[in-house]
Amino acid sequence: MLKTFSKGGIHPPENKFSVDKAIEVLPLPQKVSIPIAQHIGAPATPVVNKNDEVKTGQIIAKSAGFVSTNIHSSVSGKVVKIDKIVESSGYKKTSVVIEVKGDEWVETIDRSLDLKKEITIEQSDIINKILDAGIVGLGGATFPSHVKLSVPKGKKAEILIINGVECEPYLTSDHRLMLEKGEEVLVGTKILMKALGVTKAIIGIENNKKDAIEHLISLSKEYDGIEVNALKVKYPQGGEKQLIQALINREVPSGGLPIDVGAVVHNVGTAYAVYEAVQKNKPLFERVVTVTGDSIQKTSNFIARIGTPVSELIEAAGGKPDDTGKIVSGGPMMGKALNSLDAPVTKGTSGILLFPENKAHRKETKPCIRCAKCVSVCPMGLEPFLLMTLTQKRLFDKVEKENALDCIECGSCSYTCPADRPLLDYIRLGKSNVSQIIRSRNKK
Amino acid sequence: MSTQLTISPSPHISADSSIPKLMYGVIIALMPAFFVSIYFYGIGALLITFTAIVSCILFEFLIQKYLLKSKISISDGSAILTGLLIAFNVPGSLPLWIVVIGSLVAIGIGKMSFGGLGSNIFNPALVGRVFMLISFPVQMTSWPKPRILDFSFTDAITGATPLALVKEGLKNGEQFHDIISKAGISYSDMFIGNLGGSLGEISALALLIGGIYLLMKKIISWHIPVSVLGTMFVFSGILWLTNKNIYADPVFHLLTGGALLGAIYMATDMVTSPMTPKGQIIFGVGIGILTILIRAFGAYPEGVSFAILIMNAFVPILNIYTKPKRFGEIKIQSKE
Amino acid sequence: MSPVVIITIISLSSIGIVSALILYFIAQKFKVFEDPRIDKVEEALPSANCGGCGFPGCRNFAEACVKADDLSNLHCPVGGNDTMSSVASILGMDAVAQVKKIAVLRCNGACEYRPNTNIYEGADNCTVAANLYGGDTGCEFGCLGLGECVEVCDFDALYMDEKTGMPVVVEDNCTACNACVEVCPKDLFELRKQGPKGRRIYIACRNEDKGGIAKKACAVACIGCSKCVKECPHDAITIENFLAFIHDDKCKLCRKCVPVCPTNAILETNFPPRKPKPEIKKEPVVDLKQSIVAEGKVNEPEAKNNSNKETSDNN
C-alpha cells in the first residue's frame, strides 16, 4: 500500500498532456512587466526609477518587511515605467515595466550549466542568500522561503519534506524539473537541510510519476539523509498538511504550522531555485511553466522569465485555439482564471491552462440533496455544505465555530458536488468575513 | 478581444457526477430485485411498478407545474426512484388505485410539501408506504404466494410473510423453530426470494448484488447499511440467546421482511440520512434497534419502515451533534 | 360520578396547583429588576432590529437610551426624528434632530455605458466576485451587479434593475440603516442627506483611475477633470485620486456642476426639469437628467432611455 493522507480527497482525471515534453527556453519577450507583489506579505519597494538601465538578475525592488522578498529584473533593458497596471485579477497593481534590450546578465551569476555539488556556503548565510535571491514557494502559494526556513524560537525542525507531488491535474512543470534537473534538486534539498540543521529529508512524489521516482531514487543514493517516497495518487496531496500526514503521519494542529510538528515543507521548484541561488548565485527571475489545454496545438513546458506576458507563452505553444473559453493561471483545481492575456508570468505561475469553450463553464446550480459527498471528500474534515449555508445566512460566528479557517481551499467539495453547488466560493466568503471579525475582535 | 473569457473561482473542473446519475445508479442497483419480483409475482409486479413510477412522475410534474410553478425536475430520476421503492414496498396483489394514492401521498406530502428534492425530512416512499399500511391494512397485508413465472391474471392464493407467521405463531404460544419448520420456510428460500412479502424485499441475494454495486460506484457509503444490519444482528442475537423459543434468530431477522431493502436502499436515501459518518452510524444503530423492538415486541410484524421514519426525524439533530473529526483537531505530540 | 373521574380531577388539579406554586416562587426568586422605561422606549422603536443605530437590536438601543445622559449620540435611523422625539419624551430628555439620510449608489455604469470584458461565472455574490477579480467590465471600482446589497436590505428598499443590471434604492423604504453600505465590497453606497423634497446632487462614480483609463472603461465615469470644482460656487467639491466628491454639508443644490460634467457623472435627483440647453449636448449622448423623467416630461428621446433608477421609484 502506498502512503497517502487519511481524510477525504478526490482523484480527478490527470490529463497530464505535456508530461513527455522536455523543458524549452522561451524566447525573450519585447517587454516585461514585473509586479512588485508576487508573494504573500508586504509588496517589495521599487529601487529603480523610470529610464534606468537594468541588467538581468539585478534587484529592482527590495523586500519590505520580514514576510516579503526581493524582486529582480528578469531581462536587461530600460525601465519604461513604474505604474499601476491591470494585472491578471483585473485589479491594478504596481509593476515595473522593462523594455528588453539584449540579454546582459549581472556579472556575478554563474551561467554555466555544470553541476556544482559541493556546498561551501556557511549555514548562517543560506537564509540571507535565499532572501537576496527573492525565492518564494514555487508550488503556487508564493510564501517567502526564507521565512519558512527561519524556525521560530522554541520550535525545532526535525525533518525537511520536499513536495514533488504535483497533485493538480494538467500540470507537469515539477515533474519535468525532477526528471531533467534531478541532481540539482537534490543539491538544493541538501542546502535546505543544512539551513534547517536537519539530517533527514523526504521527497514525496505521487505514483503517477514513476520515471521521476526511479530517477530520483537512483540519484539519491549519493546523498545522505534524502529519501524518496512514492505516494498514492490523490488530490490534494500537495497541500502541506496533507503531505506531512501522508509521509510522516503527523497531524498539523488546527491553526498551527508545519513547524509545530517539526516539519518544513518546500516544493521541488523551490529546491531547484535554492540550488541556483546558492551554487550559481542566480536570483529567481525565471521559472518552469506548463502551457497546456485540451485543444492547444503544442503542449509545452517552458522556462519563462518572470514578467513575460501570458500571450507570448501561448503563442510559443502554437497560439490560442479559437475555441478557448477560459484561461487559468495555475492548475484546474486551485488556479486563477485570467481575464487578460497581457497578464505577466509571476513567481507563482506554475502553468497556463486553456479550456475550450465547452469546458469553460460551470454547470447550473441545483438544490442540495444532502448526499454528504462534500463531507466525505474534505481533506480537513469540515462540512462544506454547512459552511456554505451558514455563510449564505450570514451567520459568521457559527461559520467560525465550524472551523472554516481550517479550509485549505483545495476545491474538492465543489469538484465533487453532484448538484454543482459553488461550495468553495461561499466558504471563501465565510472565511474572509470570519478573518475580519477576528481581526476586529483582536483590536478591541 | 473578440471572445470574452470566462472568469470563475477555482476549481475549474468538476466531477462527472450529477443528481440524475446518482438516482439512476440506485435504480440500476434495484434492477436485480425488480427482475426477481417479476419472476415470482409475474404481471402483477410489473403493473404495480409501472403504475407507481408513472403516478409519481405525474404527480411531481403536476405539483411543480400548477401548484409550485417552479422548474420541472422530473427528469432527475428521483420521482422514478420513489415510485420504484413504493412498488417494492407493497404486496404483489395490491389494487392499483391504492398504489396511485400511495404515490400521491409520497410525492405530495412526503416530498413536495417540504419543498421538493433535498428539502424533505422523511423518505417519501416510506411515507407513502406507511400511509397505505395504516389506511388499507387488509390490502397491504395480504401477500400472494410466489408463483414462478406465472403471468396469468388469476387471483393469487394469499399467504403470510414469514415475519407475520412467526408473530402470529408466537402469540399463540408456539415455539419459534416449530413455526418455521411447520411453514416450510428454508433459509435458502429466504435468500433467493421464494417467499411471501413485498415485491422488492423478498430476494436477499438480488438486494445484496445491488448493494455491492452501489458501494462500488460510491453512491452510498458502508456506514448506514452495515450499522443497521449489524445492530439488527447483534440485538436480535442477544434476544435469541436469552430465549430461543420466543425470539427469532438473527439470520432470520436479516433475511426476512424489509431489512435488506430498508438498510441498503431506503435508510441510505441521501436526503433523509445524516451527513456525517458518525451520525450515519448512530442513525443506523437506531434503525436496527427500533426494527427489532417493533418486530419482537410491537403490534406489527415488520418495523423497518417505521424505524427508518422515526430515525429520519432525528437526522437534523444528528447532523448538529455529530461533527466529523477535523483534521488537526487533536494536537499530536511530536516526539520520536 | 365514578371514582375514576374524581381521582382524575383531584390528581390533575393538585399537579396544577403544585406546578403553579413552584413557578411562582421561582419567578419571585429570579426576578430581575429592569428599568420599566426600557420597555416603554422599546415599544416606541420600530422593532426592525436592523442594527442601523449601531446596536445589535432595538432592545439594546433602548437600554442605551435609558442609560444615556443625553440622546445626542443616539439615533434610530429607521424611526427618524419622530421616533427619537417620542423616545426623548419618555425619558424626559431633548431629542437632537438629525438630518434624514438615504443610501445612494455611487455608480452609474449600466451595461450600455460600461461594456463587459469577460463573463463571470461564480456564486451570485458580490464579495465572492470582488475577492476573485476586478469585475466583468474594465472598471475595477464599479458595481458588480450581483445584488448582495438587495439580499441584506431588510426594508425592501433595494431591487435589481433588470435593464441596467444594478441595484436601485427605493427612496420611500430606505431607512439609512447602513446595511448596504457595509456589505458592498466596492464601497459604492453612501448615506447622504435626503435633501429637501428628496433633491440630491452627487457624483455617481468611484473610479480612481486616470481620466483616459476611466473613460475607456465606462462612458459615465468621473475622469477627474475638475470642471465641476471650478464651477462650484460653494467649494463643496473636492478631487482626490482623479475622482470628484461633493460634500453634502456644503452643497447648496445649485445644480451648476451638473451640466458642466463632460461625462455626465454627476447625478441630480427629484429636481424640476431644466430648460433644454442644446449646446451642452455631448458625445456620447448620455443624458442623465433624471428630473426630466421624474416629472414625466420627456424632452429628448435619449432622456427616456437613460431614465435614472433612483427617481423612477418615487413616481
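All chains are identified by letter, namely A, B and C, in their written order; residue positions are counted from 1 within each chain.
The rule is simple: contacts are C-beta pairs under 8 Å (C-beta built on N, C-alpha and C of every residue); 3 or more make two chains touch, one makes a residue touch a chain.
What you see is a predicted model; the values in this text were computed from it and never measured.
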* Going by the contact rule set out at the top, which chains touch both chain A and chain B? -> C
* Average the CA atoms of each chain to get its centre, and name the chain whose centre is farthest from that of chain B. => C
* **Whole-Å gap between the CA centroids of chain A and chain B** => 48
* Quick one: report the Å distance separating chain A from chain C, using the average Cα coordinate of each chain. => 42
* Structure fact -> Taking each chain's mean CA coordinate, chain B and chain C are separated, in whole Å, by 53
* Which positions in chain A touch two or more other chains at once? -> 90, 336-337, 339, 361-362, 422, 425, 428
* **Residue numbers of chain B (touch at least two other chains)** => 5-9
* To do: Give me the residues of chain C that touch two or more other chains.
  => 117-118, 121-123, 128, 132-133
* **Residue ranges of chain A in contact with chain C within the complex** => 86, 89-92, 336-337, 339-340, 361-362, 394, 422, 425-426, 428-429, 432-433
* Which bits of chain C are touching chain A when the two form their complex? -> 117-118, 121-123, 125, 127-128, 131-135, 140, 152, 209
* Write out the stretch or stretches of chain A touching chain B in their complex. => 7, 10, 12-13, 90, 158, 169, 241, 245, 250-256, 260-262, 324-328, 330, 332-339, 353, 355, 357, 359-363, 366-373, 375-376, 378-383, 385-386, 403, 406, 409, 411, 414-420, 422, 424-425, 428
* Mind pulling up the chain C residues that touch chain B in the complex? -> 116-123, 128, 132-133, 136
* Asked: For the complex, which residues does chain B have touching chain A?
  -> 3, 5-15, 17-19, 21-22, 76, 116-119, 221, 270-277, 319, 323-332, 334, 336
